[in-house]
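Before any comments, here is the structure.
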Amino acid sequence: MKRLIASFQPLFAAGILLVVLLLPILGLTPNVIRILFITFVWITASLAWNLLGGVAGQVSFGFAVFYGLGAYAAALMINAGVNPALSFVGSAAVAALASFLIGIPTFRLRGPYFAIATIGVSEAVRVVMNNISAVGGAGGLRVTERGIFHQTEHYYSGLAIAVLAVCVSLLIERSKFGLALRAIRQDEDAAADIGINPFRCKLWIHAIAAALTGVAGGVFADYAAYIHPQGVFAFSTSVTILLMPVIGGIGTIWGAVLGAAVVTIVEEQLVAVFPQVHLLLYGLLLMLIVLLEPDGLVGLLRRMLRRMHVDPSSRGPDEALWGRGRLEGREL
Amino acid sequence: MQSSFSYRNYFPSFLIAAFLSISLVIFLPSCNRGGQNAGNAITVGVVLPITGREGKPGQYQKEGIELAIKQINDAGGIMVKDKNKKLPVKEVFYDDGSDQAKSASLVERAMSSDNATAVLGGYSTALGEAESVMADRYQTPWITTGAAASTIFSHGYQYTFGTLSPTTLLGSTTADFLGSLVDQGKLKKGLKLALALENTDHGIDYGNGIKQWIQQHPGYFTVVFSENFELGSPDFSGLLQKVKAAKADIFLADAHLQDYITMQRQYLQSGMYHQMLSYGARGPESDARKALGDGTDYIFAGIWWSKKLPYPQVKKFVQDYTQFTGHDPDSWYPATAYDAVRALAQAIEAAGTTNKTAIRDALRNVELKDSLLPGGTMKFGSNGQVANAFVIVQNKPEDKVDIVYPKDAATGEAIAPTPRKK
Amino acid sequence: MAALKDVSFSVPERHIFGIIGPNGAGKSTLFGVISGAIRASQGRVRFRGSDVTRLRSDALVHFGIARTHHIVRPFRAMTVLENVLVAVHYGRQSAKADAKAQAISALERVQLAPKARMLASALSLGEQKRLEVARALATNPDLLLLDEVCGGLSGAETRAMLDLFQQIRASGTTILYVEHDMKAVMSVCDRIAVLDFGRKLAEGTPAEIQNDPAVIDAYLGSGMLGTNSIA
Amino acid sequence: MTAVDFLNLLIAAVLLAGIYAVMSVGMTVIYGVMKIVNLAHAGFMMLGAYFAYEFFERFHIDPLIGAALALPAFFLFGMAVHWLLIRWLPKSDQPTLSSLLLMFAFWLVLQNIGYLFWGNMDRSIFTPRTLTVLTLGPISISLLRLIVFFAAVLCVCALQLALSRSWYGRAMRALIQNPYAAQITGVDDERIARITFGLGTAFAGFAGALLAMLYSFSPDFGRPFLIRAFVIIVLGGLESVSGVAFGALVLALVETFSILYVPAGYQPAISFGLLVVVLLVFPKGIGGLLERKWRPA
């Protein structure tokens, strides 16, 4: 039975992919496509954060920096006439570059100090961006729209980067680099004692995560056509990016994906349907997860499967997808 | 040291799963809030902040919109010729929490999922900018009731409209007013100005309006200090100290409501004095009065609307609004929102259809003859933005507010310079 | 205040070199300095002629120096095999066989191969100590620094561990062994240095150390030698 | 800049430091003992502001007395929150992600409760004191700021004294320095944690009530203060009261004086920049260099 489920997993993933590929053709309303598009953007950012925070254990509150820089890079390049797809690559490059500038000093910090420093960096970047008039400053930046708006094009860009993020995550988690990152998360000193250079590994995974987040920001900027420092660089953007993998199941790929999807859809619906109490409900949901289900939604799923005597977590290949990383005991 | 009791033991996973699935079941059917009765009502999307930083003004605007909708519906609705009957207006409201990404999303939602015939919203420029993108995409008229920066209307969008006159005009009107005081001999010529502008398009436009006026009218004023400040700061003592050191005669700030209150409090607490003092478009709000008492006396403000305007329609509006909400329209926020709904209704009636492009075309020609706004009529310009004049109001002792400029609408004399406190 | 002063010794290749001393003698500090965990304010650590004093522990591994910890530090959320595998990947490559085979052979040397798929956290203390040795071995070191590996082990476990040391030396790896447990050191080491109050008291073969009057005076005289002391 | 300007700025900075200290001290106490980054601190401050407001509006009780009343009320409230939520968190001697997220979620809940009760109106407390200015020649000092400053300093000193003298303070220090040994010697860590959380909350409520006299507030109140409090406790080395006083002074001085040299728009970046620079130069905060933990400053 277990083997059966295991062998179905790629098929299952392919099935999901096929469905989302075909969705726009099935004649969904633009609103649903929009929600899915935003979900894809968040899935990308969530997976990226998960690589650094979930796999390598470096909790960052500063992913808005990469998201925002990606958005601005793409916006400026599109405005200069660069092909959007190419400008997303530019987003990735700019974000990765920034990740080195941030990572080289801050990764020398241990314990909660890294997390704290990322807050400082991200807020400082927001304020600075708010004052640079060359990129619009506090007036925000408008992205020139090319001709008629085709929502499905954006949808497929979003889907493409989400798939890219899943592939990158899978590759990393199953590589020896992924193993090293997991070792660093558990014990940085012990990892160094077997020849891993924790500093260098952290820098690289930071850059990869930043590049993915930057692409997500770029794709979003292309869709929104107007970006503002108080929006893309906001602290709340960093918090959202962090919450998604935590709610889904920190350290796992399905968790990051599921978390992004659930957070996007639930928040969207809460804001729309219960405007008076959406913060309350969102807060309660988060509290429930922290107190009751530290493995996140994936943990919940796993427990339910176990109840049905199917445990997907006990075999090797699924480790990266289902994982064992819990929120409990994770230090900052 | 783990406690033996844990919540987890009491909430098995299936309970949580049940909770989650029930919540999903609640959510999904409510996805579409406008579409069901597309035929027998006109759906108008309203996206405004009623929580977060801009919650207060957003609330006022929402009330203005709802009052207008109620009045239209009480009168049977809007006559739509091609349906041959009067259709009521159905409001679909979303709170964007003062978040610009969310506000754009919600406008898109209203336009696409709720099939809104038109969308109103966008309080404060950043939110308005983000929302304005959606209008042309979904070819749905969008009228901003609270974003004034001219940049929104400079992109050649075809479906964006706004009932606020541009902020540059606010700046130049303010300067005009000060100039008239000089002409009357109340202020001396060649006074020094200090500007503290909020770091947004709004603040920058305001400052530009003033500076342009000064360039065109040499000899009246000189700017000795001009700096931008960050919104939402808890402390302005450094900035005010700098203003103090600039030794200006007139202090003009452009700030949001919260910052106005904080800054004015610190201004008074540090014992500063200027011959004239303004916070841009903020001044007569009752919240400020409550917070500062007579500390807001003699502050003048350039605003889009005042309840003191001597038009019959304004008197009626003030009455209706007070009855509808239980409080007084102490600021301009509800008026521009109220007029936006009425202009929209007029456009729909003129178009005779609920076709959005036809309504857009009609909006371009609409002339609201009994507008609340200064001038008494409202018409959208070729870029979609109205260009009504501003009125300058001044706070006076005992909670009085007078329109002091322009002359034809004035309800009282401008007091200048500000009397020094004993 | 210096924790170590004028401590100087050299470890011959293919030897098991023991360092002993009472609590607070500076053993752990010395170990930290050699393994790159503690920065010495003065002095040099040389390895095959190159100066490795200022190298971090990951760089030392690539020089062929690996260490274990006094308090075990396995990667608890990884399987036993993964613990060793990551060491093979990032240690000094020997690139002959594939990584997994190397990892399994390292586990076989410490008799942990049957438990390769278990999570490291599920192992007993003795097994975790062996895992730690296997992990260090998997980096393919020339010099193995062992920090009190026998502490907390039962008699049988200690004997098995000491046998393992002999095998490791036989395969060509030098061992520097810091230990509190006198009996273990005496039985397995080729040469021993004795520390006391941050100074080197004596150095020599186990027999020489046992008969050194200074050592007997300062340390062994306390009755620890000959008794079945355990740490 | 003239000497008078300088003096005025210096006074403004010191008064601001008092405000900053009192709003950060609750967060430090909780972090020091429990290693919880209390993001709900902003929510407690907001409630404290409304607490003083309600007393003032309904019973015409002076907000200063309201602030004093907030201390015991929020102490009990904090203990209740600990009993209800915090104690179920897994214990750790390092700050954990789950504790941070729990407090963040709780903050959202408090904020929403604020909106439900008080709406989104900006409220403020206006008393005859509000605008009184003391002038000494060219130097002017706001009476209210002075009062708030002294109330803040008094309370921080009282806390410091209590921590250094009482049984509770000794137990708390023991827990901070060596949790394991403290437990062995019979310190009931659960009880200490409960009291600590109550104490931290009490100070948050107190600070909120004091700030309500100075600023207008809405349920969103506290957000700009939260991040400053954070900067301050990091500057102060995270776990000592005197460190907080020091951090508050540094931040207030830097914020007030930096504006003379950099455009006002960049002002917020200065505190964050300061945070990062300090972390990189002194990885344990400036406070850690200055003094041994928990000694009176």
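Which chain is which? They are A, B, C and D, in the order written, and residues in each are numbered from 1.
Just so we're on the same page, a contact is a pair of C-beta atoms (placed from the backbone, for glycine too) under 8 Å apart; a residue touches a chain by one contact, two chains touch by 3 or more.
Just so you know, these numbers come straight off a predicted model, no measurement behind them.
Asker: For chain B and chain C, what is the smallest step count along a path of chains that touch one another?
Answerer: The distance in steps between these two chains is 2.
Asker: Can you name the chain that lies farthest from chain C, using the mean of each chain's Cα atoms as its centre?
Answerer: Relative to chain C, the chain whose C-alpha centre sits farthest away is B.
Asker: Report which interface contains more C-beta contacts, comparing A-D against A-C.
Answerer: Between A-D and A-C, the larger count of C-beta pairs in contact belongs to A-D.
Asker: Measuring from the mean C-alpha position of chain C to the mean C-alpha position of chain D, what distance in angstrom results?
Answerer: Each chain reduced to its C-alpha mean, chain C and chain D end up 49 Å apart.
Asker: Please tell me the distance, in whole Å, between the geometric centres of chain A and chain D computed from their C-alpha atoms.
Answerer: Measuring from centre to centre gives 33 Å for this pair.
Asker: Compute the distance, rounded to whole Å, between the mean C-alpha positions of chain A and chain C.
Answerer: One centre to the other, that is 42 Å.
Asker: Nearest whole angstrom, what separates the Cα centre of chain A from the Cα centre of chain B?
Answerer: Those two chain centres are 35 Å apart.
Asker: If I count partner chains per residue in chain A, which residues reach a count of at least 2?
Answerer: As it turns out, chain A has residues touching two or more other chains at 127, 130-131, 138, 279, 291.
Asker: Provide the list of chain B residues touching at least two other chains, using ranges where the numbers run on.
Answerer: Touching at least two other chains: 7, 50-51, 199, 228, 230.
Asker: Touching two or more other chains, which residues of chain C qualify?
Answerer: Within chain C, no residue touches at least two other chains.
Asker: All pairs of touching chains, please: list them by chain label.
Answerer: A-B, A-C, A-D, B-D
Asker: For the complex, which residues does chain B have touching chain A?
Answerer: Chain B reaches chain A through residues 7-8, 11, 13-14, 16-17, 19, 23, 26-27, 30-33, 50-51, 93-97, 99-102, 104-106, 108-109, 112-113, 125-126, 129-130, 132-133, 136-138, 149, 151, 155, 199-201, 203-204, 228, 230.
Asker: Which residues of chain D touch chain A in the complex?
Answerer: 37, 85, 88-90, 92, 94-98, 100-102, 104-109, 111-113, 115-116, 227, 230-231, 234, 238, 263, 265-266, 268-269, 272-273, 275-276, 279-280, 283
Asker: Mind pulling up the chain A residues that touch chain B in the complex?
Answerer: Checking each residue of chain A against chain B gives 29-32, 34, 38, 127, 130-131, 137-140, 142, 145, 149, 151, 224-226, 228, 230-232, 234, 236, 265-266, 268-269, 271-273, 275, 279, 288, 291-293, 300, 303-304, 307.
Asker: What part of chain A is in contact with chain D in the complex they form?
Answerer: It comes out as residues 59, 105-106, 108-113, 116-117, 119-121, 123-124, 127-128, 130-131, 138, 235, 239, 243, 246, 250, 276-280, 282-287, 290-291, 294, 327-332.
Asker: Which residues of chain B touch chain D once you look at their complex with the stated criterion?
Answerer: Going by the criterion above, the answer is residues 1-3, 6-7, 50-53, 55-56, 58-59, 196, 199, 227-230, 232-235, 237-239, 241-242, 244-245, 257-258, 261-262, 265-266, 268-271, 287, 290-293, 295.
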